[in-house]
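Okay, got some structures for you below.
Both complexes below contain chain A, partnered by chain B and then by chain C.
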Partner chain A sequence: MRTLPVFFKKELLETWRTRRFGVLAVVFLLFALMSPLAAKLTPDLLRLSLGTAVKLPTPTSVDSWTQFYKNISQMGIYIIAILFGGTVSRELTDKTLVNLVTKGLPRWAVIIAKYLCLLGQWLVVVASAFFITWGYTTFYFSDRQSPHPIAACLPLLVFGAFFLAVVLFGSTWGRHTYEGLLFTCLVMAILFLAKLLKQAHNFNPVSLIGDNVAILQGNLSLTKLFPAMGVALGLTLILIVSSVALLNKKALV
Partner chain B sequence: MDLNETQFLIDYWPTLLPVAILEVGLMLVALKHIFQHTRYRFGNRVMWVVIVVVFQIIGPVAYFTWGKGTTSDE
Partner chain C sequence: MSDLLTLYHLQKRYGSRAVLQDLNFKIPRGSIFGLVGANGAGKTTTMRLILGLEKADAGTILINGEKVHYGQTKTNRMTGYLPDVPAFYDYMTSREYLRLCADLTHVANATVKIENTLALVGLEEVHHRIHGFSRGMRQRLGIAQALLNDPELLICDEPTSALDPAGRAAFLNLLYSLKGRVTVLFSTHILSDVERISDYVGILHHGRLAACDTPARLRAIYGRHQMALTFATVAETRRCATHFQAPWHDCTVTITYQGSYAAEARQVFQDLLAVKLMPVNLRRVDPTLDQIFMEVTQNENPTRVL
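Take a look at the complex of A and B:
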């Protein structure tokens, strides 16, 4: 068990020194800062291009949060997939695990440490982005149309836990970063296709990043998404266990 | 609201200032790294400087993801 913290520390150091965490943090902070701004300015920008005659509704806090969830679910998670898509496969191509494993580092510790490190980074950047957007949204929009910001963010955090497990499994399965990315895109495509099945909506992990604004406004209860959270967390567990099994079978040299 | 520039800056400096700091900061860190190294995973120095300066945010992210090598001299 003592090997896990050691490898975890190595992972933290790596993500810091390769500047991956820095890039991730800056991008998510920019999303957080620009969401309220974009919501506030969109009507003015439209008026500039379409002329002053166009009647547009005044933006509300809901628009600001819509921008936030759109930015994170349409760009943020793919940036994560690109940045961390090589987390296992790069170690295998560079043969950097050979020395550690022959000196007694169990392979499961590699996967668990990598996953915990990814999850930690995700929680830190999303929570910071969330609080910044919350602050600016209350600053720029003094309406009461978004009564449940925390309940709306919770499904996003759970989805992240699932998405990172997909990225990790893809990276373990693929021989190259791009194969891992392909796997991640494939999983997302299947989940979006499954969205067409209306009955499965509350069980589909993708609903966790699609229904946030409805929860925020109070149009949808968070409890409706509990099945999707259960499915997402179950799949997370399966993906992590399969990653360990896969890595156990892989040749390191 | 009319979009005259000074009024715009006065109204939105609480967001614009941190955005500008983050964008310029990211660019400077990427430029520092580019000038400290002579070899990249692909491309050359001029290409990366242009990409990082011209494309805000996306340029530096692309550099740190694809341009920067993993060994100390890249």
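Take a look at the complex of A and C:
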């Protein structure tokens, strides 16, 4: 167990020095700043281009949060997949684990430390972006149409935990970064296809990034997504255990 | 002297290809063991098996009496490993990398130990990140990480293959300086390196240990005794070569003989006088490891094992 914090520390240094965390932080900061601003300015911009006669609805806080969740679910998670898709496969192709494993680093510690580091980064960037968006949304829109912002964000955080496990497994399974990316894209495609099954909606992890605005407005209870959260967390555990098993079988040299 | 490393009946196949076949050898504690063989002979596989990075199909490996198990790292506390191309995290400095290694191996008084090890390999003044390191510097950092936890067994996979002559000499001196304190197993296909520092030499051929002994005994068993006679002219050289039925090259005839050098040299002189030939130079040619290697690998049957 003493090796886990050692490798976790190395992961933190790596994400900092390779500027991956920096890129992620900047992207999520932009999402946080742009979402309320885009919601506020879009009607004005449309009026400027389409003419003043066009009637457009007055923007609300819901538009700001809609933009926020769209940005993260349609761009943010894929940026994460691109940045961290090679987290294990790169170590294997570069043979950087050989020295450390022959010094007593267990392979499970590699997977767990990497997952914890990814999860930590996800929680930090999403939480930061969330609070910045909340602040700006409150500043721009003084309405009461978004009464449950924290409950709406919780499914997103859980989905991130699941998505990172998918990225980690893909990276362990694939020999190269692009194979890991392909695996992640395939899983997402399958989950989106599964959305077509209405009965499975509440169990599909992808619902965790689709129903946030409904929860925000109070149109959907968070409890409705508990099954999907349970499935996502269960799959997360399975993917992490499978990643350890997979790495145990991989030749390091 | 007890044995630090013992390999019994080790076998390894990759698909239908047998990489190691009934490999047996022992390395006495504190000695330097050179493992030689052509590319694909099984040197790296042997090392990977010793480190538990590969699973053997059959056989037993003991380090200090403890069995090596695939995927488990218990015996790795006693080993240091220098891969043929050591890979590091380029965004770290050498000190940060050694700190990572020290933390993993629970090195006591790590800061002092890191500085001492860096001084040993000549990297104490280098403070920039590994990204800018030359191949030689990487090799030196590789040996530093391998020695950091004071291993009982140091395993080096072709450590000198990519170094320039000065780097090679420095590296071999460093390995030699460990003799007696650390047991060293190193593989190479540069036979002069083995000849220079090894106490024992193992010759791997087609996954079998074709020969294994001290360099002196290998010379005695496999070395061909030869003498070289150099003449002033090509005509004399040709006459001598014809007389002794021996090969010649550049005014030098090489004669292979059995028995003692003195008796054979005397006989050669008498023969030369009889045919009115006199060399400008005559010298004994000691058998080289290259020659022994060729001799051993041409003989398929394993002969002598330590």
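Here, the second predicted complex is superposed on the first by the 253 of 253 C-alpha atoms of A that agree within 3 Å, B and C clash if a C-alpha of one lies under 4 Å from a C-alpha of the other, contacts with A are read in each partner's own complex, and residues count from 1 in each chain.
In this text, a residue touches a chain if its C-beta (ideal position, glycine included) is under 8 Å from a C-beta of that chain, and two chains touch if they have at least 3 such contacts.
All of these numbers come straight from a predicted model, not from anything done at the bench.
Colleague: For A:L29, is the partner it touches chain B (first), chain C (second), both, or none of the two (neither)?
Modeller: first
Colleague: Pick one for A:T3: touches chain B only (first), chain C only (second), both, or neither.
Modeller: It touches chain C, and chain B stays clear.
Colleague: After lining up the shared chain so the two structures overlap, which partner does A:K103 touch, if you call chain B first and chain C second: first, second, both or neither?
Modeller: Once the two structures are laid over each other on A, A:K103 reaches chain C alone.
Colleague: Looking at A:A251, would you say it contacts chain B, chain C, both, or neither? Reply first, second, both or neither.
Modeller: Second partner only, chain C.
Colleague: For A:D94, select first, second, both or neither according to whether it touches chain B, chain C, the two together, or no partner.
Modeller: After superposing on A, A:D94 lies in contact with both chain B and chain C.
Colleague: Now for A:L83: first (chain B), second (chain C), both, or neither, which partner does it touch?
Modeller: Once the two structures are laid over each other on A, A:L83 reaches chain B alone.
Colleague: Answer with first, second, both or neither: which of chain B and chain C does A:R175 touch in the superposed model?
Modeller: A:R175 sits against neither chain B nor chain C.
Colleague: Taking the two structures together, which residues of chain A meet both chain B and chain C?
Modeller: 18, 94
Colleague: Which chain A residues qualify as touching chain B in the complex?
Modeller: Interface residues on the chain A side: 18-20, 22-23, 26-27, 29-30, 33-34, 36-37, 40, 44, 48, 79, 82-83, 90, 94, 136, 139.
Colleague: What residues on chain C touch chain A, complex-wise?
Modeller: Going by the criterion above, the answer is residues 44, 48, 51, 53-54, 71, 73, 76-77, 79, 81, 83, 85-89, 91-92, 96, 100-101, 103-106, 142, 145, 149.
Colleague: So in the complex, which bits of chain B are touching chain A?
Modeller: The touching residues are 1, 3, 12, 14-16, 18-19, 22-23, 25-26, 29, 33, 57, 60-61, 64-65, 68, 70.
Colleague: Looking at the complex, which residues from chain A come into contact with chain C?
Modeller: 2-3, 6-7, 9-10, 13-14, 17-18, 94-96, 98-107, 248, 251-253
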